[in-house]
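Here chain A shows up in two complexes: once beside chain B, once beside chain C.
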Partner chain A sequence: MNNTTKRGFPLVWQRLLRNRMALIGLLLVMIWIVLAIAAPFITKYPPNEIRLEHKLLPPSADHWFGTDNFGRDLFSRIVYGGQVTVWTGFVSIGIAFMIGVPLGAIAGYFGGVVSNVIMRIMDTLLAFPSLILAMAIAASIGPGLIGALIAVGIVAIPEFARLMYGQTIVIKEKEYIEASRAIGVKHLSILRGHIFINAFPPLLVQVTLGLGSAVLITSSLSFIGLGVKPPTAEWGSMISYGRDYIISGEWWMTLFPGLAIATTILGFNLLGDGLRDALDSRR
Partner chain B sequence: MSAPILEVKNLQKHYPYKKGLFQKPGLTKALDGVSLTIERGETVAIVGESGSGKTTLGKTLLRLIEPTGGEVHFKGRDITELSAEQMRKLKADMQIVFQDPYGSLDPKWTIGRTLEEPLRTHRSHLSGAALKQEVNAMLERVGLQPHHGERYPHELSGGQRQRIGIARALILQPELVVLDEPVSALDVSIQSQILNLMQDLQTEMGLTYLFISHDLSVVRFISNRVAVMYLGKVVEIGETKEVFNNPLHPYTEALISAIPVPNPNLKRERIVLAGDIPSPRNQPSGCAFHTRCPKAMAQCKTLQPDLKEIGSKHYAACHLF
Partner chain C sequence: MLRYTLRRLLVMIPSLLGIVVVTFILTRVLPGDPALMITGEQALPEFVEQVRKEYGFDQPLIVQFGSYMKQLVQGDFGYAWHTGHAVLDDLATRFPATVELTLASMAIALLVALPIGVLAASRKDSMLDHTARVLSLIGSSVPIFWLGLLMISLFYASLGWLPAPIGRISGGIHPPTHTTGLYVVDSLLSWDMTALKNSIAHLIMPALCLSMGTMAVVMRMIRTSMLDVTEQDYMRTARAKGLSERKIVFKHGLVNAFIPALTMIGLQFGSLLGGAVITETIFAWPGVGNYVTESILAADYAPIQAMTLISAVLYGLINLAVELIYGVLDPRVRYE
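Let's turn to the complex of A and B:
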């Protein structure tokens, strides 16, 4: 085995590619990211072009996923909607990571009152179901992309804080941390250099899984009208429009955005599970 | 004679613990009034069973554990009164080598980065090239090669890792080094290499060692003086030769009689102590050792013996003398 020669990133990568489910997850995620980036080049119709004479057309060679009640091309809207989804996902999880991880690290490292204050606030946030909390925050900010971003970000903060808190408590008791303290290394350097680096693998898994739930919450917010404002294409709001047409038989209006949401979340979850296995140093 | 490098006076570390909901908290006396003087350039060994407080002593001297009482004078300054920032700076002069060569190196850091950490902390003016040069010089000094700097801890053997632990402690050229059982996790064949290395480095760099160990044959080999600890107190201290040839305290006698001798035909009296070391939570009254002492007398149960000079520079805390 050449496992002994490889280490760090190449080893994790190799293990990930050997895991079929993780590979499927990676593929799904990559497809949506590539489609979102390449949107202007692969779509025939602008996503917001209303052509009432073409409304409610079933899938065909011209309109792959059919058209909606305004005659807009559903394929274009889904691909452009992917831009919104990918963007909100990464930005909101980025916010959650940058706030949650330092909070958890400080709470775990210093303990005492600081830890109690931070972690009890996190517990309070965790006490609400994430969707309810996101709705409340989004509603108080008002509908729109920024509101949804902030809402999804805040909801994800405690997940990162709690994970980092647990990691920090374990890692700070290691002898190499005591060795650094014996050298006189400053707290901030210990937190950055030793604790964060050793806590990184589970955090990366959490980022991937968090992206999945961020997609779900963003779409849900849009579905109930708290997310992206129309006419911007977004998967959740597209399902919401299509809802009225399920009974009359225009199934494509809900099926395709639904599939888009499902495959994206599935992709992130499979990738997250695969990463967790690949990063497990005990193997 | 010049001033001692380290003077410990009545050092205490008491941990409070909860007994019950409505009871007064008790005190675990991990260190209970330890006094010790270490001269520049010598090696003082601290010996004792598990739970005797020897590691706590080593770490309290460097304020890795904060003492609850007493004084530690390092080069004439009471370091227990220094601020955290003053103490941080002083750590360049007093270092520690840990027992576990596996746990004391960050698994995610290369050896080179681990060795650079002390330099980056205390000599931040050094450039990248100068850092590398210092690290390589130190690696060679502990018997390794510059290419080991690119390795990760899991790619090295236990002996090599302990060499790294020593290199990290010595790269800032400290004056006092606490060696906390530095060889007890290693194979016997590697132990002697590491011990010799530490002795060579001591002469080369003019180091003072506080050597913590439970292995008396190692202590006999490396130390000038030896202090015997029992339940957070020093019960005997003296020149190594003197303590080994003429142990005063019954506990020291028992420890020394337990050293294996290579000659199976040699008849000697083996003193076997009954039971385990008592918990430091509820220490016996009087002399803490009276519960296991073969020579215990009536007054041992009530009266705590003080450390008295009995031979030349040979102290013991026992009512027999």
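Let's turn to the complex of A and C:
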């Protein structure tokens, strides 16, 4: 790991680009981010415009992904739904990162009772199957995007805390930390300037993989009615609309939003794996 | 080993307490008025107030926690408004369906993942290896609610190979005599071939759908640990002794590669429980997962709490069991 950080970003980037799978992952993620940002410019129809005379149209030149039971254009809804997905993913993982990383660092650095308390709480959260915990949290906050965001964020906190804890207890034993302490550098500066910086590569991998599972959990919550409220376009809730039409043959209502979810998660997974390999100094 | 098991169970008590605190926090501390949850949003304020008093929601949190604990210790998980039964009774009726689904999924996942993982490792970088990797990547990226719907669209709506995705057995067929509550097992026990065929046909889609994620993870794990094992000295020795390739791979390789994969398999039960909620909803499978979704939609709180609590406990017990199996597979592991 040290080797990589010394030679820095260009080396990691070069290794990442040489890995075909990681490149595909990066491409998939970039495509969705760009589509989400460019949504207003590339869509012909507003995502929530109801036109019942156009309902349940199969894919065509006019409606690339067809229309839903309200006559809404599915391509627009998927692209706009990408905004919701990208946003919820980054915000919820952001929450988890901002809370989990300091908790793990404090537990690992100071040890003792503080460490015990923090890490036992994290273990308890990890004792729940993640989707069930997220459902319980989202249900008690009440359905809606904010509830889902918080739920997904809380579920991801212990993973960041545990990872940071593991990194911290290794890094704090290094000689340069001892030296910093000896010359009177403050704890906070050591945590920020040495420990966080050195723990960053594995944290980055966790962020990437965490984004993938955030997308999965958010869309699962929406699918069972705990995520965004209608009419907001969101991939999971679009599939739950499509569910009622699967037997009558309107497959496009289910197929396209599902492909969107799957390719996004696949993208984050491939990118995360690629980053892990690229950051691995043993290679 | 018995002493170790007992000690591990004792150690579970503080973490159980933690789990109970978390579920309590979810009911009482997070925004959302529990009294309003019980009465519904439209209830008269006086009624809401009455319910609040009746359930002690107006008491200090610590008092509330005390009575919550007391309830739990007595095995009282509360009352499910939307079914009109005690939560524990509801769970007991639905539990066998979920057990059957989860076990079937785990069985499918292992039956597919183990041989493919082993073969992929023994022919590293072959076509088969690449296919297995792509399959496992797809398996871990595809949301199961989507996969389930696609399966219904293909196997039921288009091809008509499987019965309508509703429940565990078709309407016109009598469920087998109740022994275990698992329809497949019960119909075998009572030698009821009609029920057996029908319940298997109903089980295939949901079990396959739920198994995908686990299959992907286990396949990947087995492949990796098989590759590690292949480099070990005892494998070279086995080869030098002139053992057959099959014996080398399965007896010396797989048994050792299986041990690290076992932890992963134990952890997978957690995601199977979560996945069961989604899968059961799609296939109208009358298990606890479906019950949870119904409760969420009905804003009925007690069942969700109970299920959260029970799944955490089950998860802990399963992982303890996995740890104990370790010792059976690897005699070097000593429980101290």
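Simple rule for what comes next: the second predicted complex is superposed on the first by the 277 of 283 C-alpha atoms of A that agree within 3 Å, B and C clash if a C-alpha of one lies under 4 Å from a C-alpha of the other, contacts with A are read in each partner's own complex, and residues count from 1 in each chain.
The criterion applied here is as follows: contacts are C-beta pairs under 8 Å (C-beta built on N, C-alpha and C of every residue); 3 or more make two chains touch, one makes a residue touch a chain.
These numbers were taken from a predicted model, which means no experiment stands behind them.
Trainee: Should the superposition on chain A be reported as showing a clash between chain B and chain C, or a fit?
Mentor: Fit - chain B and chain C, as placed by superposing on chain A, sit side by side.
Trainee: Between chain B and chain C, what opening angle does the Cα centre of chain A see in the overlaid model, nearest 10 degrees?
Mentor: 100
Trainee: Mind working out whether A:Ala36 is in touch with chain B, chain C, both or neither, as first, second, both or neither?
Mentor: neither
Trainee: For A:Leu204, decide between first (touching chain B), second (touching chain C), both and neither.
Mentor: In the superposed model, A:Leu204 contacts neither chain B nor chain C.
Trainee: Where does A:Leu125 make contact in the superposed view: on chain B (first), on chain C (second), on both, or on neither?
Mentor: In the superposition, A:Leu125 touches chain C alone.
Trainee: For A:Glu175, select first, second, both or neither according to whether it touches chain B, chain C, the two together, or no partner.
Mentor: first
Trainee: State whether A:Ile99 touches chain B only (first), chain C only (second), both chains, or neither.
Mentor: neither
Trainee: One more residue to check, A:Leu23. First (chain B), second (chain C), both or neither?
Mentor: A:Leu23: touches no partner chain.
Trainee: Looking at chain A, does chain C or chain B touch more of its residues?
Mentor: Counted on chain A, the partner with more touching residues turns out to be C.
Trainee: Touching A:Thr254 in the superposition: chain B (first), chain C (second), both, neither?
Mentor: Only chain C; A:Thr254 stays clear of chain B.
Trainee: Pick one for A:Ala139: touches chain B only (first), chain C only (second), both, or neither.
Mentor: second
Trainee: What does the superposition give for the shortest Cα distance from chain B to chain C, in Å?
Mentor: 13 Å.
Trainee: Residue overlap on chain A between the chain B contact set and the chain C contact set?
Mentor: none
Trainee: With touch defined as at the start, can you tell me which chain B residues reach chain A in the complex?
Mentor: Touch residues, chain B against chain A: 62, 64, 87-92, 95-96, 98, 100, 103-109, 117-118, 121-122, 152, 165, 168, 172.
Trainee: Please name which positions on chain A make contact with chain C in the complex.
Mentor: It is residues 120-121, 123-125, 127-133, 135-137, 139-142, 212, 216, 219-220, 223-226, 236, 239-240, 242-243, 246-247, 249, 251, 254-255, 257-258, 261-263, 265-266, 269-270 of chain A that touch chain C.
Trainee: Spell out the part of chain C that touches chain A in their complex, as residue ranges.
Mentor: Checking each residue of chain C against chain A gives 14-15, 18-19, 21-23, 26-27, 30-32, 137-138, 140-143, 145-147, 149-150, 152-153, 156-157, 270-271, 273-275, 277-278, 281-282, 292-293, 296-297, 299, 301, 304-305, 307-308, 311-312, 315-316.
Trainee: Which of the residues in chain A come into contact with chain B in the complex?
Mentor: The contact residues of chain A facing chain B are 7, 174-176, 178-186, 189, 193-194, 197-198.
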